[in-house]
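In structure tokens below, several structures.
Both of the next two complexes hold chain A, though its partner changes from chain B to chain C.
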Partner chain A sequence: MEARLEQALLLKRVVEAIKDLVQDCNFDCNDTGIALQAMDNSHVALVSMLLKAEAFSPYRCDRNIPIGINLTSLTKVLRCAQNDDILTLKAEDSPDTINLTFESSESDRLSEYDIKLMDIDQDHLGIPETEYAATITMPSAEFQRICRDLIALSESVSIEATKEGVKFSCAGDIGNGSVTLRSHTNVEKPELNVEIDLAEPVALTFSLKYLVNFCKASALSGSVKLCLSNEVPLLVEYGLSGSSWLRFYLAPKIGDEE
Partner chain B sequence: MPPKQATLGYVRPAQTRLGKFFGKRDPPVQQKLALSPRKRHAQLNASGEIGEGKDGVIDDEGKQRSDVASDTSPSKKRPHSPAPAPKRTADKGSGSIKAEESGEDGLHDESDEGPIAKRPKRTPTASSDIDDAASEGSEDVKPAMRRPNGTTPLSKNKPAKVKAKALERKPKLKVKEESEEESDAVPNKEGKGSSPATNDSPAESESEMIDEEPDSEDEGIKPEAAEKARETVQTLLESKSKDPYPDWKPGEPVPYAALCTTFALIESTTKRLIILSHCSLFLRQVLRLTPEDLLPTVLLMINKLAADYAGVELGIGESLIMKAIGESTGRSLAVIKADQNEIGDLGLVAAKSRSNQPTMFKPKALTVRGVRDGLMAIATTQGNGAQTRKIAGIKKLLSAADAHSAGKGKGVDITKDKGGASESKFIVRTLEGKMRLGLADRTVLVALAQAMVVHEISKEGKVPTTEQLERGETILKTVYSELPSYEVIVPAMLEHGIFNLEEHCKLQPGVPLKPMLAKPTKAITEVLDRFENKNFTCEYKYDGERSQIHFVSPDSQHQYLSSVPSVKSEKGISAIFSRNSEDLSKKYPDILAKLDHWVKDGTKSFVLDCETVGWDLVEKKVLPFQQLMTRKRKDVKVEDVKVKVCVFAFDLLFLNGEPTVKKSLRERREMMKQTFEEVEGEFGFAKCMNTSDLDEIQTFLDESVKASCEGLMVKMLDGEESGYEPSKRSRNWLKVKKDYLSGLGDSLDLVVLGAYYGKGKRTSLYGAFLLSAYNPTTETYETICNLGTGFTDPVLQHLHALLSPSAIPSPPSYYSHSPVPAHQPDVWFPPKHVWEVKAADLTLSPRYRAAEGYLDGVEGKGVSLRFPRFLREREDKKPEDATRVRDVAEMYRRQEGVSKGKDGGGGGGGGVDDDFEY
Partner chain C sequence: MRKTRSSKASRPSAEDSSISTSSIPPPESDENPPKLFILPKETSPEARIVTLPNPRNSAPTRYYFCPERGVYEFTKIAAPKGSPRSWLLAPPQAQPPAKKAIDAAASSEQSGSSTGPGSDAPAETRPSEHGSILSKGYTTRSADLFVATPLDPLFLIVPALAPAPGSESSSGHLFLSDDDHFDALASTSRHYGIMLQNPRLRAAFKARMGVVCDTVDAGGDCMYRLSVEKLMRELLRKASEVVDSGLPMSLEERFVGKVLEAPAVCVKREENLAVAGPLEQEDGIPQDTIKTQTPATESRTDSQASTTSTVTTATDITEPCTPPGAPPSSAPASIVRLLRLRTALAYITTTYTPAHLALFPQPSLIDFTPLTEHLTHLASLREEAFESRSFGNFSRKRALDGDEESEELRAEKKRKKEEEEEKKKRAGESRAIKGLRKVDVRGMKKLSDFFGRT
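Let's turn to the complex of A and B:
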């Protein structure tokens, strides 16, 4: 397997975004790209990532290779890369280590690291395609801000999508708060658009702790897509270059604290 | 769960469970039956499920099911969300969906037993079981591993058996309730559900053939047991001669759920014999299917990660566990704390807490091995961020626990069967170190012996005889008492067989054994009665810490496998262990450093039983226990030692490669005197006297008390009975304590100032009280001790009822008490009630304030009671009539050890004399 990434930044940010949720995981490489799927310890959240072959130049992978890696170790090595270094990943067919090369785009500096791999026996879980009752696209910074603001008040947020708009509300010991967004089109800056695509009204409650964690991916994409349906996990999707993506799923909370 | 354990095989079921992914909300189905508010959820859930079923095993009605089956099987699921809508309304609720679904499954003959069988036993989990079982029933990949369901022939019996059990164990009412519930859930099955009890007889008898023999032997084991007890066991065994948990695939890791099922059975009874039979039955099943998991199973049963001396500790407290429960279930810490105060058992809190926060895909089911590895990982986590990583480890276990039932909004119904076989309950209890099962280590040992014997004998196709069982028990008991390490014994036993165990496992230096204990006596005459016409000897009973010194010289040929890393070095073994087999080498490096002073040259190895006592170098005499306790517990440096210690040896258990425990005490003493020499202030032999004259003994006792000893030990000197019996409280050793003889003459009348909330058995009552003596000069009440013993349950209830109305939020200004937050009682009371309390001893403690101003040369410490015991309420006394602090000070001064000591006996705050028996 060999994959060359023009900017190390992409991988750095992806790993940065998920490393607090997941400690060890498999990067599954095949001819279509590199995929990752892992759940947090409590099995409440799931991270799913797909870096399609097009995101790399070039990308070569002849057979399916699982690369089991400790994300803390990977972070350590990735810290050694400059953001615009050219990053090359190399692994053998049944690898013990993965090789990372960083080429500086400006100077002739070339650094090379090997990380020992782990044998992670992970279930591959089929995630069902779901038609969501509500799909909300909004600037990722906005979503991050909402989560950060509300976590100051409460542990959980209820997201309610109606035809009027989408309302994030929470209630805590010190009081309650809510943020409502309406559909909004900004012609000059399309990345600031808020789109709400609603099939039927939904209201669900989620743990804010996880959402704040997801928001670490905000740097990856200017906009984020939230998909909700009653009684299914929330999908938070950050689009990456090309049609690659980083998705988080979060199981809703049931009922209120008694 | 450690990566190792999973096999590819898991993958498929996990995927199937996808159904549960969204179907995790099927639990509300059950709520639906019970709790109307959740109705909406329940319905929605049912709809959620439909979409995902992978192999056509959807939890839904047949027609839905078949059409999904036809188009979903191998590939990813298809989008499905709209479909359920009509159905949702059509069915009145998911309860009925469920019902039909399982009815549907019933058509695949065997799989139907699963759900029904489980119903009575694990009601709380049943609804999700149903669909699990259903999926496996038709999928058939790894049925046994994951869930009890009906794919193996054995499990056929379950309905019959469980039913029977339900009848036995549960109050009638509950049974009824349950069957109602059952019929609710499985209407068209109801008839079948109960009939298998009689109808399945072919299968049943088949399994009985397997299990019957052993069971019939079980009764034989206790020839001495009362006839009635035997009958009970007999009927019990007959009615449930099959394993409570269906077989998993041979060779595969033992499912943790299986162990929990057994735990739940054990918890549901208090009868020792029944507990024993449950244990032994389960161990037999483990032996039959996965012998390599025997060790972890046994260790989890006795709730130890490793032998005591290995010093493996989980290092987690209640708050850490609460945090982990909170994080993995999405409940806030405050709510969990409130629950804990109300329920008093974190295990139940955890069971109840499952779960407002559903998980994504179902984690793999826990295995016994996995749980142990997980616990071990938690225990060995050290260094930076250890706490966070420990919590992560606990969360991992908890989220995988009760995989079959997780996600139902309500969690396990903890009011029923004490939570039943909930995995999270038992995991948390394991973490807490309190199983609350009533399962004694000894019982596990016996059960293990039985299981081994039955297993071995029946392998040859024979039926074990009562004698064989007895012999097995004796062997294992003996071996275990000499070598209390399952890590060594279990593998040896599996390899060589239980009957050859004695040749392979012997007492060895490096593995501490439980010391022999003495029976208390009330008077010297009692001693004479016991040893009439026998040779016996009296020894001083030094007031120190019981220790065992293990030594192997570096040049010794023999290799001993010590599992204590700290003990092993190139210099051979030298270590000190406490009476609880903890490694004290770090506490007493000064003793180990001086070993060569008093061990004669040429000694290869020994194990010495002795008492470590504080030694006053100037006065050349023994210091009181309280002063010994002021030594640091860990990392003591030889040069910093302030309280010097002297070792008084009184028994030799092992010498130069040979155990000596079977020899007579006279011989052992002789060998001991030849091997060691006395060095003043470092090593001595316990002072002894061989006499049978009452007066001489009395004089000797008085001398011993004057020499700051606790009293006398009286031991059999010759003959077989004088052998060393590890871990036994033997009548061949008797102790005559000064406490027993004189005690602390008077009782004290003390005033109740506050109380602590009870835990466990005392939940919702007060568990302990804060007492005080009265100071008339300053008109204050000065705290003197916490009191938690001497109460009967009715008395505790009475006191709670009496005191709780008068609770006040903060202490009045005229209470003199420790300001340290940890020392504050949970509630305060006005001074009103006076209780009579008896204690063994008086000591000084920084925690209490009594008589503070009356002691010379003591700052910041008050007098406290050792082993206070509640005698009765003194309604006739007013608080002002309580014992005065001046009297307390006087009593303290009068005390033998104190009046003789120059400095008034130091301050042994909280020194615990673990030798004391109530």
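Let's turn to the complex of A and C:
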């Protein structure tokens, strides 16, 4: 397997976003690209990533190669790369190590690292394509702000999507609070648009700690998509360049509402 | 310790020894059987057993008080619980003391085996020339021996000098005259009142008080106040005396030898085994040595020989071991001495001084830091050795014994390994992941409940 990424920044941010949710995970490489799926320790949240072959230039992988790696180790090595460095991943067919080279785009600096791999036994879940009752697209910074603001008050947030808008509300020991967003179109800055696509009203409660954790991916994309249906996990999706994506799933809190 | 063997019975049971005569049916067991005492020689006829509060916990305790020779405490020497034995008390004129002791042991063996402990059977199974004398004897129920050993009056007066905090007379910080201190002492026990009329004892008390108290001269009268530092210094002097004459064997073994024992590392262990091997094969060796120790028992059977030998070891406990030739371990002599000193001091303070004083020497008096450092070093060594033992590859040995113990060891090892791995895993977690562990996930289903496994 050999994959060349024009900007190391992309992988840096992806790993940065998921390393606080899972410790070790398999990067599954095949001819379509690099995929990743992992659950947190409590198995209530799942992260799923697909970096399609188009994201790399060039990308070559002849067979399925699982690359089991400790994300803390990977982070350490990725910190050695400048954001603009050209990153090349190399692995053998049944690898013991993965090789990373960083080429400076400005100078002739070339750095090369090998990371030892590990065998990781992971459950792989089949996630079906789902029609969600509500799909909300909003600026990722906005979602991050809402989560950070509300976690000051409570551990969990109730997300209520109606045709009036989407309401994030919480109640805690010191009081309660809510943030409501309505559909909004900004012609000059389309990245600030808020779109609510509603098939039926939905109200679900989620753990804010996890949502704040997901928001670490905000740097990857200007907008985020929240997909909700009653009684199914929330999907938080960050789109990456070239139809690649980073998705988080979180189980709703059921029957434990106040 | 005075080695006079006078089998004087305690007062309440003095008449009992005459009761047991030789009759075929064993006499009823005594409600108040005689006790065997070893009392000091040449005491005055006024000597009495008195009940005084124990200086440690103020529980009433028996002491032997002689107006001329001072106060003695009783040390009980008992046979181990597992092997019942008894004393045969016989009229004194017939036998030399050594022979008598052996007979006592032998007959105790008989009473132990034939009639069992607790019965007072006359030893008539030996139709010898001494038969008549023995038949007049008395077999005690238990082989307890009470030895009166001199007690420093200092220990008796300290509780009066330092009354427990919270008690009525907690005027510990005032200078008081000796009479006041004696009054305080007399208030704790009726017997003190009588004893303190003895001028000799008063003088002895005063002299000892002078050693451990700050004194003030008030109009010809000497006033005393306990100085903990002086007391500590005095106790330290006592402790170093004990150390100089050698710690008692039991203390030496348990608190010095064991503690300083460096852990055996794997290679050493095998050497030890090799040495121990041939010894174990020749069973005769230990018994031979026993016989040379007690030549009088040679004619007897092996079982008797071994009984007498245990008797001697029982008495060994009280005898101070002569200055140990080889230090118990590789520890430097200064460390060994420090540990002995600390052991002796701890023994003295926990046995003879009031609990509320909680005495421990200031570093200015004696510095135990090298000792504590050495002990922590040993502890870490021991831990290491333990780990290397539990993780080391001893599979071949285990296969040989293959008993429960090794099974347990293996389980323990496995558990440890798992724990270690878990710990390692947790240590590698980032702060955020640790934070997620604390999230309340009640009401949240696992994702595998929503999405099927592939």
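Keep this in mind: the second predicted complex is superposed on the first by the 256 of 258 C-alpha atoms of A that agree within 3 Å, B and C clash if a C-alpha of one lies under 4 Å from a C-alpha of the other, contacts with A are read in each partner's own complex, and residues count from 1 in each chain.
Just so we're on the same page, a contact is a pair of C-beta atoms (placed from the backbone, for glycine too) under 8 Å apart; a residue touches a chain by one contact, two chains touch by 3 or more.
What you see is a predicted model, and the numbers here were worked out from it, not measured in a lab.
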Inset, instruction - Judging by the criteria at the top, classify the pair chain B and chain C on chain A as clash or fit. - result: clash
Inset, instruction - Check whether A:70 is in contact with chain B, with chain C, with both or with neither, and answer first, second, both or neither. - result: second
Inset, instruction - Name the contact category of A:129: first (chain B only), second (chain C only), both, or neither. - result: first
Inset, instruction - Have a look at where A:196 lands relative to chain B and chain C in the superposition and call it first, second, both or neither. - result: neither
Inset, instruction - Check the residue A:226 against both partner chains and state whether it touches chain B (first), chain C (second), both, or neither. - result: neither
Inset, instruction - With the two complexes superposed on chain A, say which partner A:21 touches: chain B (first), chain C (second), both, or neither. - result: second
Inset, instruction - Please indicate which partner A:254 is in contact with in the superposed arrangement: first for chain B, second for chain C, both, or neither. - result: both
Legend entry - Contacts of A:42 with chain B and chain C, given as first, second, both or neither: both
Inset, instruction - Based on the superposed arrangement, let me know which partner A:155 touches: chain B (first), chain C (second), both, or neither? - result: both
Inset, instruction - Go through the superposed model and pick first if A:118 touches only chain B, second if only chain C, both, or neither. - result: first
Inset, instruction - Quick one: from 77-85, 95-103, 185-193 or 293-301, give me the piece of chain C that collides with chain B in the overlay. - result: 77-85
Inset, instruction - Could you pull out which residues of chain A sit against chain B in one structure and against chain C in the other? - result: 23, 39, 41-46, 123-128, 155, 207, 232-233, 249, 251-257
Legend entry - Touch list for chain A against partner chain C, complex: 19-23, 39-46, 70, 72, 123-128, 155, 207, 209-210, 213, 232-233, 249, 251-257
Legend entry - Partner chain A, residues of chain B touching it in the complex: 3-7, 10-11, 14-15, 18, 21-22, 24-25, 28, 38, 41, 44-45, 47-48, 51-52, 54, 76-82, 327-328, 330-332, 335, 355-364, 392, 395-396, 398-400, 407, 409
Legend entry - Contact set on chain A toward chain B in their complex: 23, 39, 41-46, 118-131, 133, 155-156, 207, 229-233, 249, 251-258
Legend entry - Complex interface listing, chain C residues touching chain A: 425, 428-430, 432-433, 435-437, 439-454
